[in-house]
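Below, subunit A partners subunit B and then partners subunit C, in two separate complexes.
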Partner chain A sequence: MSDVDTASGTDRVRAALQAASGSISRTRLLLIPLLLFDLLVFVVPMGYLLRISFAKRSVGGGALQKGTWSFDGYQYLLDSSVVGTVFRWTLLFGVVATLLAVAIGTLYAYAAWRASGTTRTILLAGVVMSMFTTLVVKLFAARLMLSPEGAVNDTLLATGVLDGRLLLVNNEIGVLIGQLYIVLPYTVLAVYSVLTGLDEGLVEAANDLGATPVRAIREVVLPHAVPGMAVGGIIAFAWSAGAFAAPLLLGSASERTVAIEVQNLLGQFNYPGAAALAVVLTTVVLVVLALGIAWLRRRGGLRDV
Partner chain B sequence: MSDESPTRTDGAGETARPGPTTGQSLFRRVNVGRWLFRAGVGTVFVFLLAPVVVVAVTSFGDSITPSFPPAEFSTRWYESFLESSRWQRAARNSLIAAVGTTVLATVAGTTAALGVSNLSARAEGAVLGLAVLPLLVPGVVLGSSLLVFLGEFGLQQSYLAVIAAHSLWATPLAFSVVRASLSRFDPRLREAALDLGASPTRAFVEVVAPNIRSGLLAAALIAFVVSLQEFVMTLFVSGRDTRTIPVLAWNELRNTLDPVVSVVSTLLVLVVVLAVIIGTLVVGIERLAADT
Partner chain C sequence: MAGCLGGGSGTLTVSTWSGTNVEVFRNTIKPMYEEQTGNDLKVVGNWNNILGKIRQSGGDPPFDLTVGSNRDHYLGDQDDLWEPIRYDNIPNADTVKSTLDNNLESDRGVPVAYGVMGYAYNADEMDFQLSSWRDLVTQDVDMNLALPGSYFFNTVIMGAIATDEAPMEQELYSDSQRDLIFETLREMPISKFYEGAQDLWTSMSQGVTDVGQYFYAYSRKRDQTGDMNIGIQVPDRTMGYVDHYQVARGSSNRQSAEEFINFLLQEDVQTAYAEEFNLGMASKEATHPEATRAEVPIENAELEGNTVFKQYSQVAESASNLNDRFTEFQTEF
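What follows is the complex of A and B.
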């Protein structure tokens, strides 16, 4: 190999390296819109909320005394007689709604995955439609259907399942049904999307080897569905512990959630109190989610979430 | 090998075939289980779609208070909608917010999906985490934080505030849809274009974009629909002049049951149906369902 060739060879390598590193750093630049957006609209506003939770409450007009530091907001939460009760109810509600959403969502996703052709399309279209319908419409319709004179009670009476009207609104049942309307489509799709990666032939193989359908589901499908169930559960819990619209529209005063309380405090211009409550709620939700993920990881059910 | 069900509609279909060692009792038990399973799935399906049917039917009712099923039918509430300047204002606001969100979320989501491809696993995880985190923070908290923060600049109740709030939800979804689409794209095609002397921009426009076109369109559609239906954050950050249809509908529902709410809900559902149909035609319902 001559010197000239070697020189041009290293030149070429250097040029290629430069081009590569240039293209890598240019690719990194593509992250700027997302990072800038999340910084300005998410990180900084949340930081500001945290700061406000440590400000002094204003005595006269105005929502807070700017530039002051105090634990007024958190003290208010501790002194309040309702916050503790509301918190307990909200978390319990979040857990129940999550378990129901994941269980029903997994069954539905499994049905859609095993179905073929038109049936699969119809089952999936139903979920996508529901997901894309604004929750105001869903809750409004739910209230119409579930009211004592609504279609659900009428049907149950007409078919003789019931001999008296059920109270399905302004109580826990109404709130739970309303919340399921909001989170169920997401749990279904989370599970469905991981099932699409599983070969249907495996289930049939299990059946051919003599496994009962239930056993085939438990030992072949469920292990594969766990990451999807986890993602669905994470979303369901975050949104149910932060439930706001369903309890307001379908519940009564005893189904008040933390999120409703935050709005009440904002309405009373107690900004430090509202901010402190929002900070505590977010922290609790994220800690519960982190614990849940860690528990699933330790049991080896999660590869990547 | 013959199965008594000609169309396999659910999970238990194939499994009901009696094996050589299993007798009639197991066959019957499996059969009962299969029908229970089908009934359950059918109930959930009805449950999911019932609201759409209910609002569509009540929108054609005649009474002052919406009831289901309505006693008499009329189109009078459609006329009141067309005459109401408040609802039209809300419809315009919804459209402005949806278009703004579509642009912002699709651009931020697509660029980020392209950008993370060359990162180390850890850095990619960090970007993903940051992008997804807003989805896990309760809407009321996000709404409150935007209200107090943007309030410092007098920007609360502006279109910008509404678009920013909607994009918090739409961007991670657009990001994940485009990323899924890119994972099906062979990166060597782009490298080939670069080797042949195309600039990165030109390689994206002429090689990458056409190959992930359906993903880009799905991302834009999802962003559009997410914006149309978002409610909780909008309730906090919008004002009288910028409130969207879901917020006005909510306000009406809190006062009286205005039948126009049914009309508006029906029209909103129609727009969504249209979007889902377009999405289905472009990428197929199965991918639309799996990628979001």
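What follows is the complex of A and C.
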């Protein structure tokens, strides 16, 4: 190999490296606005919330004393006779709502996936349209529908299904229905999105080979749907653990969630206590999110969603 | 400086309760004030976070004076959010009923009006018979009662009055007697703790509850403007609240704000206010309509003996504990 060839090869490598380096720099530059956005919209407010949780309450019972450091907020959480009960109820509610959302969402998504033409369009439009409606309007409508004098009771009475009115609001049933109304569209779409990657021929093949429809779903469809179910579950849990509107509009005082308790503490001007409670809840949700993502990565299913 | 008699700059801005109060201020009080003084008045409605708005204003508050609950006043006072009242600018303060005047333990707020709590019920669904809060535990009542759930004060004072172990609400101030209040409340036919007026009226119209503890004036206004037939009854001994007005710290219209409070206490203004909204008026000289006189204690002697006006300073130290107990209590239903 001549010196000329060697020099030319080195130049090419240098040029390639410079091009790659330029490309990386451009990529980094493009990331800056996104990082700034993340910083301003997520990191700074969360940092501020964390800071408030370590501030001292104002002497006169006011919001907080600026510039002070204290564990008062977290100590309040430990001392309060209410917070523990509220936290346990919130987590239990989050888990139940998530399980129901994933179960119903998977069935719905499967039905939409198997349907065709107008039926599929109607099923998917039903889910998407629900997401276009404001949360409070949606829940207020649900409250009017489910109340003792509402349309659901009227219909059940008129058709003879019931002989007395059911109390479907002001209790945990109302809260669960309301929360499912909120989170179900997300779980349906998460599961549906992964099902669209499944060849329907595989289900037909399973049936041809003698599998019952239930077995075909269990052994062909569900394993494929798991990443979508997991993502839908994570979304449902995050929404439900932070539930505020559904318990407030459709529940009673017994269905008190952490978010409602945070509002209560703000009303008492206990900002450090409210911030501490919000920080603890956010941490729990982030841990669940991290565990879910780690599990999906290990399973190799993150790319399917 | 536009039209301010007593110095400062621009329009005088007053903050009052959202809803009916704002409407009365805009439609009745503002024209009277502007006609009488030539000043400009801006009326804004607030319900929550009044103190937060002043705190976050950096010394330039979004309103010159504001209404506030007894608790707002107390907490604002602790944080030095109110200007001291210069009574020389408010000669009409002399007409204020002494019971109301004594409600605050500071010289930074002036009473203008007051309200009392009563039974509000769906008159199409039930024939209401009770006349005292105590009746809820002594009478065999078949009802679904709604109580305010956002804060302990109104429900717990009602429980104290109904307990009847000590005069009026005195059980509230004794650690050993507070348990009795919650025992009394447990005996009541509670079906719901409501969060705000809309929650109460919706629950009532939809059959979740049929009786609620609510303010007389607001219930009456709802009866007049809504489509539900609401009956309202105020027990002889009940709880109430005072609408104090206070000047926000940092207001550039302090003098005008004080003069406005004086204007609010004028006999004709108080009477006009009372005609539009069934509150009790702070001035002894005000004339009240029949519907108010029938249910709301008007004379000072009636107020003193039969109405418990909330005083946050008396429970401030134990407020957090009481609120926790109340929250815990609510989860039993």
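Criterion: the second predicted complex is superposed on the first by the 266 of 305 C-alpha atoms of A that agree within 3 Å, B and C clash if a C-alpha of one lies under 4 Å from a C-alpha of the other, contacts with A are read in each partner's own complex, and residues count from 1 in each chain.
Quick note on the criterion: a residue touches a chain if its C-beta (ideal position, glycine included) is under 8 Å from a C-beta of that chain, and two chains touch if they have at least 3 such contacts.
Predicted model, so just to flag it, every value in this text is computed and none were measured.
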Just to be sure I read the superposition right, which of the two partners does A:A142 touch: subunit B = first, subunit C = second, or both, or neither?
first
Which partner does A:L166 reach: the first (subunit B), the second (subunit C), both, or neither?
neither
Touching A:G150 in the superposition: subunit B (first), subunit C (second), both, neither?
both
What is the contact status of A:G210 with respect to subunit B (first) and subunit C (second): first, second, both, or neither?
first
Per the overlay, which chain contacts more subunit A residues, subunit B or subunit C?
B
Tell me the contact category for A:N270 with respect to subunit B and subunit C: first, second, both or neither.
second
Determine, under the contact definition given at the top, whether A:S58 touches first (subunit B), second (subunit C), both, or neither.
second
Would you mind listing the overlap between the subunit B footprint and the subunit C footprint on subunit A?
144, 149-150, 249
What residues on subunit C touch subunit A, complex-wise?
48, 51-52, 55, 74-75, 77-79, 149-151, 191-193, 195, 199, 202-203, 205-208, 316, 319-320, 323-325, 327-328, 330-333
In the complex, the residues of subunit B that touch subunit A are 7-15, 17, 19, 21, 26, 30, 33, 37-38, 40-41, 44-45, 48-52, 54-55, 58, 66-69, 104, 107-109, 111-112, 114-119, 127, 130-131, 133-142, 144-150, 152, 164-165, 167-168, 171, 175, 194, 200, 225, 228-232, 236, 245-246, 249-250, 253, 261-262, 265, 268-269, 272-273, 275-276, 279-280, 285-286, 288-292
Would you tell me which residues of subunit A are touching subunit C in their complex?
58-63, 80-82, 85, 143-144, 147-150, 165, 167, 169-170, 248-249, 252-254, 256, 261, 264, 267-270
Residue ranges of subunit A touching subunit B (in the complex, touch as defined)
19, 23-24, 26-35, 37-38, 40-42, 44-46, 48-49, 52, 104, 107-108, 110-117, 119-130, 132-138, 140-142, 144-145, 149-151, 181, 184-185, 189, 192-193, 196, 203-204, 207, 210, 212-214, 216-217, 234-235, 238-239, 241-242, 244-245, 249, 259, 262-263, 266, 271, 274-275, 278, 281-282, 285-286, 289
